[in-house]
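Below you'll find the structure, written out as structure tokens, and then a few comments.
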Amino acid sequence: MTIEKYLVKSASLSALFDKIKASGKVVQAPVKKAHTVDFMPVNAFNEITDDYIVTTQSAKSVAFPRVEKLFKYTKAKKEVTIADYAINTIPEVVMWGVRPCDAAGVSPLNAIFTWDVDDVIFTTKLKRTTFIGFSCQKSDACCFCTSVGGNPGATAGSDILMTKLSSGNYLAEIITEKGKAIQVLAPEFFEETPSEEKEKNLAQVPIQFNYLEIKEKVDAYFESDIWKAQAQRCISCGTCAFVCPTCACFDIQDENHGKVGQRIRNWDSCCFSQFTIHTSGHNPRESQDRRWRQRINHKFSIMPDRINAYGCIGCGRCSRACPVDMNIMEHLIGISQLAKK
Amino acid sequence: MVDIKKKANELLAANAVQVVIGFEEGTSGKSRAIFAQDAAGVDKLIFNSQCVLNLAVYLTKHEIKKLGKPAIIAPLPVMRAIIQLASEFQIKESEMAVLGVSPEGKLVEFQTFAAIESYLKDFKIAMDEKEKEILAKISNMSLSERFDFWMQELGECFKCYACRAACPMCYCHKCAVEQNKPQWIPVAANNLGNLEWHAMRAMHLAGRCVNCDACHNACPKGIPLNFLTKLMMVDAKEIFGQDGPSLKDGHLLSTFKPNDKENFIR
Amino acid sequence: MTEFEPKIVAFVCNWCTYAGADLTGTSRIKYATNVKLVRFPCTGRIDFMLLLKAFGEGADGIIISGCHPNDCHYTSGNFHARRRWIMFRGLLNFLGIDTRRIQFSWVSAAEGGKWADIVNSTVKSVRELGPYNDYKKVADFLETEVTNG
Amino acid sequence: MEDKTIYTPYLMRIEKITEEAPGVKTFRLKFQNEEEGNAFEFKAGQFGEYSVIGEGESTFCIASSPTRNGYIECTYREAGRVTSALAKCEEGDVVGFRGPYGNVFPLDEWKGKSLLFIAGGIALPPMRCVIWNALDTRENFKDVSILYGAKSVADLVYKHELKEWENRKDVKLVTTVDPGGQTEDWTGEIGFVPAVLEKMAPSSVNTIAIVCGPPVMIKFTLPVLEKLGFTEDTIYTTLENRMKCGFGKCGRCNCGNVYICKDGPVFSYKQVKALPDEY
């Protein structure tokens, strides 16, 4: 559909929230917690904070949570019964306050989970999620969305995108049918189009590198010392992958409780030294430089090659969360500046 | 800083070491590790209050060992970690140079680990007032309040293992959490999995933690998990008189005294 | 309403307490039947995590017992165990886990009566504390959902 | 309503367990649900995720031939958490199976050619599938030769089938054990696979070589094959990387821009050469 533009008064936001809530949908929104700002299920508008650049964790958990129960099982003597995932119990969710970068991450993640075979748990969750984006008025030194094809007011991935205007009111762009359905819940709050321009109310994020060039260089410099040099201070934790909106690597495990249990899917990370280790003890990626190369290569070369999507949307979460300040933007600039081969 | 840089350059120039592990300027005022292998690298070295990472964590990494013999910039927490690592036979005096940094930011040179140990006698591990306050606050909660508190805090954990990766004492090639025959700690970052992981981590650091808070600083979720190991440290001191790392005393939980005191065994 | 019968797991050493428990039986001393005995070569072998595993699998109380100090079959296993218990008990308490539900004891092969007494008093005190619902709730990963916390 | 997802395994009953070698067993698995069994199809070279419910999943190939209907077989060595649990299973127990996944040996393309199978140790199972497939459609191929080596006589798997192949006139079988691994009544070769291959000197004319074994065996076998005139297009192998999902999502088996689970496990030597050294 073509994007429809409306004005939502600052004072109407809370009432709009109440209408959505009253429709029975689960609303997840950024909440200021003891140490972080993260998406949490909320009941009231005043629980939501707007004081964040991006949340610590990405919005991916709504469809790809850190622990997903794939099915439950019961083991009796020689019999096994499996209770499959009840897809129809997946609730309708509204993700409120998603940043444009986070919303842009939905499409690569979806590309992974629908490649050849559909992961119905993921796709159904995504289908039942409406993303209400809020474009960025602030950015920090870790932001680089504009370098990977996004921008602080990009609509891709959002169903509705709200942009705060200088008046304090919001420009509401209805992008998809799902967004339209939200408007239908409370049409009275969507008023006529404001004349104010959207762009001048957005954060300024300078372009740092050309992401198409990254792919070219990553391929050309696959065998090179640059990975060793960049990965030196990396300590092989999984923080970057776990906060990343597009990282989808996972592990499948069984957990028992007596005779019953469940098969679960857990987040995993290519940075862990045990990630690729064979039972024989052979480890194809035994040193950190190889794992770091895999991370960058996967996002900028493998994903575009195989599923036609880039695995980095420039939110900078990994750089902010990294315990050893592996600033990904800096490294990407470094890669882009390598001589053409 | 001038004297540290000078010394680092001397060591590199004489090929006494091949790499200097120190801090450089990071993103937005943060600091981060640098592995200086020449004068240009040394020139980037800094030292300030933002230098919270415990650099000793790199001493046991095989990727870093390949760079050659290191000199390490060592503020007090790094010195303590070095002594602890040495007492666990993970590092050798002859295989590194330690460029100590006094609390005033001055270079302190050490020829031996024993010299570091004796230097540390004047700088006993201590918690500051704020930390004491938090510890007391948690300790003074009722049992169920405390349980709820930790379940809430540890519930944040998504098991990225940054705490483990940042801890100089967590050098095991295969962590107990990765043992799966049988599956010892649940892999999932659910309540039980998180509780067992953090309880195990704290116990494995009992008597070994040097109170550097690297684990807490590394945690992307800000979980105060360092207070678990702080408690271990306080108990080790109060019950067994262990006051900081020591080259000779042996590891708290692999030694014993026949007259160790307790009041709960019938 | 029937009275709550606590589930108690006992981790005991082979050389002293297990033999002591045997003696309790052969001496025909009556004692509570709530205890499941798990035999170890030595108290030094009882990994601290086993206590959490027992709670996680639904135990309401735990008994840990071995040779008296200086009586260890392997000379010093119980001394090591004692240090570990001291540290671990402090940690459990700090985590808000109810250490009143854990009874540590030294029971020799000759102390059949003491074993009966330990079991009976532990069962009694755990019965008074009731089922360990707090921990059961945490351990019940089948039902609880993990949200983006 | 509950829905089968891509993670839901078929439930399979263990019909027969064969002890192959120390720590190595073969399971014959039958679909518990007959309908599922009838609808199930696979081709030589594909693999699956086998699970002991409660212990997790483990990846190995389907070792039986697609020409043998009604069951699948797998052969594994007891090593990790899941295979140790499998080893404790008895006949009649139920295990899980997901699959088939991955690509196949291009048997259709190989029609009219000779086939040379070279396997070492526990790597015969992935090849057994294609060997039986070829033997069951024997008329499609010219010569079929098999060179199989193991550490010791006890470590040879499929001993009864080796006998059968040995007795067949239309198969040339050479078995070998590492020096010191022979028994008194051993009549096969003694020596490492590459050396025996050199001695055996099979013709490379119109022949496809399928090699599978430990990395060190492959490393020394390839030059011999090249010396014999095989080219990178006429040598095939099947690769293994750690896997969890089997359908290109979990990210584990990724090697360069190749996913072993989707683009493999069967690769020509030419394709293998193009891969980065991460397998």
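First chain written, first letter: the chains are A, B, C and D, and each begins at residue 1.
As a convention for this text, a residue touches a chain if its C-beta (ideal position, glycine included) is under 8 Å from a C-beta of that chain, and two chains touch if they have at least 3 such contacts.
Please read all numbers here as calculations on a predicted model, not as lab measurements.
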When each step joins two chains that touch, the fewest steps from subunit C to subunit D total 2
Set A-C beside B-D; more C-beta pairs touch across A-C
Chain centres from averaged Cα atoms put subunit A and subunit C apart, in whole Å, by 46
Expressed in whole Å, how far the mean CA point of subunit B lies from that of subunit D is 47
Distance in whole angstrom between the CA centres of subunit A and subunit D is 39
Note: subunit B sits from subunit A at a C-alpha centroid distance in Å of 32
By the touch definition above, subunit D meets two or more other chains at residues 80
For subunit B, residue numbers touching 2 or more other chains are 156, 183, 186, 188-190
Subunit A touches at least 2 other chains through residues 57, 66-67, 251, 253, 255, 261
Within their complex, subunit C touches subunit A through residues 57-58, 139-142, 146-149
Listed in rising order, subunit B residues that touch subunit D in their complex are 180-183
Interface with subunit B, subunit D side, in the complex: residues 80-81, 84
Counting only contacts in the complex, subunit A reaches subunit B at residues 33-36, 56-57, 66-67, 140-142, 228, 231-233, 235-239, 241-243, 251, 253, 255, 264, 266-267, 269, 272-274, 287-289, 319, 321, 323-325, 327, 330
In the complex, the residues of subunit B that touch subunit A are 26-28, 30-35, 53, 57-58, 61-64, 67, 153, 156, 158-162, 164-166, 173-174, 178, 183, 186-190, 217-223
